[in-house]
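In the part that follows, the structures are each spelled out as structure tokens.
Common to both upcoming complexes is chain A, partnered first by chain B, then by chain C.
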Partner chain A sequence: MNAPINPSRRHSYFEATARNRVAAVLDAGSFTEFLPPEASQPSPHLAVLDIPGAFDDGVIVGSAALGGQPVLVIAQEGQFMGGAVGEIHGAKIVGLLRRAMAEKPAAVILMVDSGGVRLHEANAGLIAISEIMRAVLDTRAAGVPVLALVGGSCGAFGGMGIVSRLCSAIVMSEEGRLALSGPEVIETVAGVEEFDSKDRALVWRVTGGKQRYLTGDCAELVEDDAAAFRQGAIDVLAGWTEPAPSSATLRAEQDRLTSRRQRFAGMRDGLEVWAALGVPDPRQIPIMDRDSLVALRKGLPA
Partner chain B sequence: MENLEFRFNAQPARPAAGAALCGVVGSGNLEILIRPGDEADACTVSVKTSARGFGKIWEAVIADFASRHPVGGTRIAINDMGATPAVVTLRLGQALGDYTGGAQ
Partner chain C sequence: MTLHDILDALFPAGHAVEVSDQLVAGTAQTATGTVAVLGTTGPAAIGHDIALGLAGRILDIVDRHPGRPIVFLVDTKGQALSRAEELLCLNGSLAHLARCVDLARRQGHVSLALVTGEAVSGGFLSFGLMADKTYALADAQVRVMDLKAMARVTKIAHERLVELAGSSPTFAPGAENYQRMGAIEAIWPAPSASLLEAALANQAAAGPATDGRMASGRARDGRRLAADVVAAVLAA
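Moving on to the complex of A and B:
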């Protein structure tokens, strides 16, 4: 990642389908799909609502290698119903995580691209999300790191935003977004004065990859390039040891989040947060390239 | 949603894979799954589409494709979210290419 990427060689992760991402991020030819489209089943809930389903219900699961290490893989398809989690979609993710607990691969790679629960499936979707959360924590407790990659067009919102933060670490691009309630949800509930979801620059200053990197929510910031995500994932996993769950660690994290919430209370824009973090000229952040931003973060006061 | 079923006579395909999937069920797009069928010289197609009332156009687009490509012995399943005829033809070609390993 140190060498500048030739733009003509770049394969946008943001634009790619889930299947293209799986092919480009993992070791070439190493992927074996579990429950491939011909063996999977479209959502029965969507059929009842007279909506065409997808054979794989919008998520691909399987085994592969990453940098020669065995991994299990989950990739959500953001173009199908916003990557939303329905009953079968969720069951495939949970099943894969349970397999990881038994097989103990080097890691689980979770390519998140989702607005959260598939509201068409109501309770089944909500239960699926809670089962995924439990399964991510159980997988980590079994000593298997779960690495979230966030750089798709739907970002990581709602329940999948929570799931992403439950993972061991997140690799993110500037284009990726990570939050709980999505911008349109906030605007619908609290009004445009609270949050203008049409203001794309504001949305990215609040939820985008650069903001998440500066506040420490993602471990690694990468270019919008499948090869950069691949290298970012390899770098984060190199020498990663999944910490044993302990209440002391949880309390320390809780304290960190509480003090962060107090520190940034009342701020309405990433620009204010960056100024509080000690960034000399916050207005430069949105136009900075990835390498300059990484260098800038290294120089910020702890 | 509308369910459409078609059957066309066609020259036998020579599969290189057990099944092939192409495309995504996204706006203006569709996914096509090709699997082995029961009759060597016929192709069956089932379409689930979000756009109602386009059965005749589907039939014409797929009949044209089946007349120009060896797709016999296949069962094609389509989930559609409003793809245009040009996109349907493009994806059929891509899916058949994957199914036959590029030899059409």
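Moving on to the complex of A and C:
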């Protein structure tokens, strides 16, 4: 059993930079960066708009070890342009995934922290995300699992929300958010009565880690702690075998999504979903700790 | 041009395509045989129901009609924008649809997408951009966001964006920008059976499709950096 985590020793994954996450999640000292800042260039598409760039363009890629196993790593930096995907940023991710197809590491670890497409490079970003989508599926088809970690301050939204769900599995913290459109976008287009983006508790009940865990959209729920993400990733990958793409697998997912759509039809709040799942007191979910929630899910009716 | 006009022009030998809640599905005849026709019209907002409807039909084609080519007709204004859709992880249903298109490719189905109306963001990502090759009609509107909204969100003056859009394909709406960047293979002046059949025949002859969009984008001088960055990561 793991020793209880001393809160004062916790290293918040949510607040950490991408470089700190890489250092804390992977085996100590194992990370080697491909295209370090001195071998890279900031985005010329931002420069032309007089926006300061970053030499890593908001994403770090490289090789490392996790629990002694060789892995390739992608870590988005939410603190630069909201982790959004532009031409260079996206191409670094595609390059890393193509490298994984050739190198066949034990896994690719994708630390997602992104609002999706970088609007300043909108077309380049959208196309890059499409290329990432196909590269994730190609990597998995080559037998290499791609594991998404979702717990950064920008969450996993837009195209990166889709990419996350194309991965073999997702490890997520309760502070993580995973969705397609951001609440601000929905509020702007459909009105505050549709989605009040300033109601943080509501945003979290709709897009947060506990909701995603209870409905089976993430494999593992962990504390907001880099060590917990590390252990969660090791646990998910232990004995993982990447299934060959097949119609049977996708039929099973089709059935799961279709029946879920019917079961939760018309619902607009996690509280309703949790009640329908048989949670005795849904209002307790937001204040439950991670271990109690995991135990509760195990006890829910099938 | 109505969907029916487009179908008549693409498939003069006949088609049996139905539209239900903006989801387009059926079969059509070409010189080389029957093809499946799938897509959206409207332009449709892609929510769980359309995504799962398209995904289920793709799985039916894979299971019951091995090798049958699939023609996707794209007319989407993007993903559905609602709290109820997001509550059930809309990104997951769009990912599932994308996986189904990808599975069809792996199982030997040639696929082609034609943007007939609009192609926007998540709706475009989930199936149009997953086909082997994507084409657009001349009056198609392809975008992430229009420039006025983009100016508001990025706080960059609209006039400045308009000016830059004249010299860069990187951010402004337009099928020709996506063509220059390699994501749209070609723009068709009008729906055409001969263009469609030639495109399908080219793909069938080329064998299993790989993602060549980055190389196309560089060859067309619309995306100058991406291919070199990938090469550098592979060589590092």
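Operating definition for what follows: the second predicted complex is superposed on the first by the 299 of 302 C-alpha atoms of A that agree within 3 Å, B and C clash if a C-alpha of one lies under 4 Å from a C-alpha of the other, contacts with A are read in each partner's own complex, and residues count from 1 in each chain.
In this text, a residue touches a chain if its C-beta (ideal position, glycine included) is under 8 Å from a C-beta of that chain, and two chains touch if they have at least 3 such contacts.
Keep in mind it's a predicted model, so treat the numbers as computed, not measured.
After alignment on the shared chain A, the placement of chain B and chain C results in a side-by-side fit free of clashes. Applying the stated contact rule after C-alpha superposition, one finds that A:Pro52 touches chain B and leaves chain C untouched. When the shared chain is aligned, chain B comes close enough to touch A:Phe80, but chain C does not. In the superposition on chain A, A:Leu257 contacts chain C only, with no contact to chain B. Partner contacting the larger number of chain A residues, of chain B and chain C: C. In the superposition on chain A, A:Thr17 contacts chain B only, with no contact to chain C. Once the two complexes are laid over each other on the shared chain, residue contacts for A:Gly266 go to chain C alone; chain B is not touched. Judged by the touch definition given at the top, the superposed model places A:Val206 against chain C, while chain B stays out of reach.
By the touch criterion stated above, A:Pro37 is placed in contact with chain B alone, chain C being left untouched. Measuring from the middle, so to speak, at the Cα centre of chain A, the directions to chain B and chain C differ by 100 degrees in steps of 10. No C-alpha atom of chain B lies closer than 12 Å to any C-alpha atom of chain C in the overlay.
On the side of chain A, the complex with chain C involves touching residues 34-35, 39, 44-45, 48-49, 61, 87-88, 90-92, 94-96, 98-99, 102, 117, 119-131, 133-135, 137-138, 141, 156, 158-159, 161-166, 178-181, 183, 185-186, 189-190, 194-195, 206-207, 211-212, 215, 217, 245-247, 250-251, 253-254, 257-258, 260-261, 264, 266-270, 273. Chain C meets chain A in the complex at residues 48-49, 52, 55-56, 59, 62-63, 79, 81-96, 98-100, 102-103, 106-107, 121-122, 124-126, 129-130, 143-145, 150, 153-154, 156, 160, 164, 168-172, 177-178, 181-183, 211, 213-214, 217, 223, 225-227, 229-234, 236. Chain A makes touch with chain B in their complex at residues 17, 19, 36-38, 42, 47, 50-56, 58, 77, 79-81. For chain B in complex with chain A, the touching residues are 1, 18-19, 21, 24-27, 29, 31, 33, 35, 48-50, 77, 79-81.
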